[in-house]
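Two complexes are shown next, each including subunit A; its partner changes from subunit B in the first to subunit C in the second.
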Partner chain A sequence: MIAAIRSTAACFWAVMRTKIAEQMAYRSHFILSVILLIAGDLIVPLITLLVYRSGATFAGWTLHEALLVQAIFGLAKGIAFPLFFGMVNTTLGLVREGTFDLLLLKPRSVLWMTMLRGLDLDDFGRLLSGGVLFGYALSGIDAPSIAGWLQFAALFAASLAVLCTFALLLSGLLFQWVGSSRVFDIFDSVTSFGMYPGTIYSKAVQQLLTYVIPVGLIANMPAVALLGRGGWETLGAAGASVLFLALGLWFWHAMLGRYTSAGG
Partner chain B sequence: MTMIEVNQLTKTYMTHERGHSMREIAMNLIRRPMKEVHAVRDISFSVNRGEMVAFLGPNGAGKSTTLKMLTGVLHPTSGEAKVLGLTPWKQRREYVRHIGAVFGQKSQLLWDIPPIDAFYMNKAIYGVPEADYRSRLDQLTTLLQVGDIIRKPTRQLSLGERMKCEFIMAMLHGPELVFLDEPTIGLDVFAKESIRDFIKDMNKQGVTFILTTHDLDDVELLAERVIVINHGEIVYDNALTNLQRMLGDKKTVRIVTDTPIRMLSLQGVTVMNSISDVEAELEIDTEIIPLKRFISTVNEQCGIQDMAITPLPIETLMKELYGQGSRAMTAAAASAGVLAHQSQQGDLSM
Partner chain C sequence: MIRTVRSIQAIGIATYKEWAAYRSHMAISLLIGPVYFLVQYFIWHAVYQDRETLNGFTLEQMLAYFGIAAVINYLTFDFADWNLQMLIRTGKFVTFALRPMPHWLFALSQKIGHRSLGFWIEFVPIFLIFQFVFQVDIMPAQPLWAVATIILSFLMNFLINYCVGMTAFWLVRAEGIRRVFLLLKDISAGLFVPLSFFPEQLQKVLFFLPFQFISYVPTRVFIGDYELAGIKLSIPAIVGVQAGAVAAMAAVTLLLYHIAIRRFSGVGV
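The block that comes next holds the complex of A and B.
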């Protein structure tokens, strides 16, 4: 067991090393990508800021509380995008070209190899914008309790599980919808509901966004935990993320079975 | 000792097809007519440890599909295969640890960074111990004479250098069986020679190679045995030298005569290339006209100035083989009694 973990960690580090070397081959591209990602991720918080400056609000939420939701969204994307979402592009490109075969020839889990192949260091830039925004939002709210931080940690892990599931679903779809680069639009449309405080939606939509397509778990629920507004029962919602992740893993492997390679 | 045992392997898949007219393109948005493709039909064969076997066939014949099933990339529709005692598509992770693959048209290297980085990554993926990695890398770089280029960015390497690095990538974990898919495509004569020498070297060290190629020089220089697939079926499985007997004893004759050759009319002689009135390339079926009679007749009728007799080029043999129906070929082969390999193996079906 320890040997397997050590081997997996060595594999991850070796791939990470080559990814860093690849990024360093085109430093200006890397730096520009990071800057553009940060700028892009700050658009919604800036709009929120403008909304509050104009006197309007999200009912029951101060500016800093609303920004906390968006900051957590940014942090979650800052981890999930470089680790998980690269596999969507990997599947998109390799399945279309028929070179996904090369991943199947490696003595590791295909999903693990797809994820490693897709590691995208540019996206770690999102962590920077999310981190800065998180610090700013925290500075304007009451300091969270230890229980609040613990709830936040558990719900943030659930948030990452939800994002990972979205990556699995999109990547899986591409085994069938070969070359459909529009799958990212599906993700953006669905998850945009998670960028705002949950209470702005009706009860029915809140339930939908918590238990069916748990985008509310990406940022709203972890923020609610930090604000001390969520009871321990919110952790039950994290259970939905585990089920969602299980569904994503099943779906991805089922779709992998549809891979037909390309003509030789 | 048998390394690969394939029994009645079949692969069928569905694909959609459409015509090229605007109407058909528009209709394709609503409904996609599906078509069943029988890529591989009931093929059976076996390969012994240490063999070098060439898989040949025209484009779309089913050879790549067969290799993809044997590498564990594709699941067959039916049939069985055991390679190194494992079922490739069922025990993929354990199986691929023992095999290597080089694709002439799919690179495993990383374009922007030196091959040495990709080698290091493969070392970690395969879990190769450091000492083994060092010694194999030394051995392979020496054999392929690429010691100084593996630290240059891949994009700056020539095609030949890249292909040598692809071989290192495929061999670093010490595979017992290596699949080569068009390994010399696009290479110059020097790079081809170097790669072929390397393959021969590795084969002498006990590595089994399965080669698919359209470069028939590769086949002549490397493979002892050829398996020809056409329309998803094996139409030939034997030594290359026996192929000629199977297709009839034919020779190519390049001849220069005193008087115009067009005056010549002989049964069993086909003019392949008329270079001038007095010079031509002919194909002689020696079963119809023995060589001795051909020479004396031509000498009498046209007067031979110069002549070179060679066996039928492998390209011609392959064209004949690809052009004939597989069932007819099987019957012809059986009656010609040249399926020596089949009878040696005992259970191979054509």
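The block that comes next holds the complex of A and C.
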């Protein structure tokens, strides 16, 4: 067990070192990319700010509370994107080029190798924008209770599981739908439901966004926990994320089984 | 002149056929467009719960704004910047430098072909979905002016993107610059929120930038009235201003192209 953990950590560190060296070769481009990611992630909060500045609100949500949802969304992406979403790019590129076979030959799990190869340092920049916004949003609300923080921690883990599942679904899709970078557009459009307070949707849509396509778990439910508006029963919704993750893992492996090499 | 028109037509048709082979990539817009709009639908319904108007827009006008902006985007969408930068970085531009046609005209012809396919696969079905499923009135108030403004918006988007693409003649990796610029362009064009939501002083700046002519102006022409930074113009007047801005942008593009092409050096591709 310890040997397996050591081996996994060694793989991870070896890839990280290479990625850092790679980024340092084009430092200005790296810095610009990080700044851009931060700016890009602040667009939705900017729109929220402009709407509130105009005197309008999302009923029952102050500006800081609405921004809290978007800050948590940014934080979750700041962790999930560098770790999981690189595998979408990896599958996109390697399957199109016919070189995905090389990953099949490695003496490690194919999924683990796909994830490792896709590690993306730029995306850690999202943590910065999400973190700053999170701090700003927290400064405008009552301090959350210990129970609120515990609920938040559990739901934030569920949020990461949901994002990881999306990465698995998109990556798996690319074994069949070769070379379509539009999978990112699908992700952006579907998850845009999760960037706003859940109460703006009808009850039926809220249920759909919690239990069927759980994008409401990405940011809205962790925010509700911090605001002290969710009971412990909200943790039940986290169970949906576990099922969703299991579905993602099954789907990815099923699609890998359908992969036909280009025979390069 | 006739030879040039025939060349444009031939390149356009070839691009149309090339992309038709990947029509599923384009057809996914039938899912993405309505999903994005559905989010807007919920957001603005929530915002308008306790008010009739916001920054001069009623709820119906706001939904129409986003619906119209979305469908116009399917007609004017452009990636000339990405394509040009890729050609320069990989050295493939050398084959275009040898052709008896400037690359900007070739790229424009490609865009005409690409968007002709987009018209059938993206614009028409999504227009019908918005109009009849979401019941948002996106019919242009003055159809002829709407056609004129879309043609001008099509050209303006191309010209700005092409200028951004030309930064690759000076920079080794221009990807970052390109993305920064495009982000600013989308914000300044009113793609995310109507420009009238911005502070008054910023609106005055945005009025004099060319970006509003890509999305904000055509959308307002569709709706039937134009206002920005407290300046109200009739539809013919704002389309006239748009035509002037496109002409100025074309002059800038040609000048930049003339300077940039001298910097290019390709190695045995």
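Following the convention adopted for this analysis, the second predicted complex is superposed on the first by the 262 of 264 C-alpha atoms of A that agree within 3 Å, B and C clash if a C-alpha of one lies under 4 Å from a C-alpha of the other, contacts with A are read in each partner's own complex, and residues count from 1 in each chain.
In the analysis below, a contact is a pair of C-beta atoms (placed from the backbone, for glycine too) under 8 Å apart; a residue touches a chain by one contact, two chains touch by 3 or more.
The shown structure was predicted, so the numbers you read here are calculated from the model rather than taken from an experiment.
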| item | value |
| --- | --- |
| Clash-or-fit label for the pair subunit B, subunit C on subunit A | fit |
| Subunit B versus subunit C as contact partner of A:A25, first or second or both or neither | first |
| Subunit B versus subunit C as contact partner of A:R17, first or second or both or neither | first |
| Touching partner for A:Y201 - first (subunit B), second (subunit C), both, neither | second |
| Touching partner for A:A246 - first (subunit B), second (subunit C), both, neither | neither |
| Which superposed partner A:A147 touches (first subunit B, second subunit C, both, neither) | neither |
| Touching partner for A:K106 - first (subunit B), second (subunit C), both, neither | first |
| Partner chain in contact with A:S7 - subunit B first, subunit C second, else both or neither | first |
| First, second, both or neither for A:S261, with subunit B first and subunit C second | first |
| First (subunit B), second (subunit C), both or neither touched by A:A39 | second |
| Minimum C-alpha separation between subunit B and subunit C after superposing on chain A, in Å | 6 |
| Intersection of the subunit A residues that touch subunit B with those that touch subunit C | 26 |
| Complex interface listing, subunit C residues touching subunit A | 24-25, 28, 31-32, 35-36, 39, 42-43, 45-51, 54-55, 173, 175-177, 179-180, 183, 187, 192-193, 197-198 |
| Of subunit B, residues touching subunit A in the complex | 13, 60, 63-65, 67-68, 71-75, 92-94, 96-97, 99, 101, 103, 106, 108, 110, 112-113, 117-118, 120-121, 123-127, 153, 181, 212 |
| Residues of subunit A that touch subunit B when the two form their complex | 7, 10-11, 13-15, 17-18, 21-22, 25-26, 97-99, 101-102, 104-109, 113, 257, 260-261, 263-264 |
| Contacting residues of subunit A [partner subunit C, same complex] | 26, 28-29, 32-33, 35-36, 39-40, 43, 46-47, 50-51, 53-59, 177, 180, 182, 185-186, 189-190, 192-193, 196, 199-201, 205 |
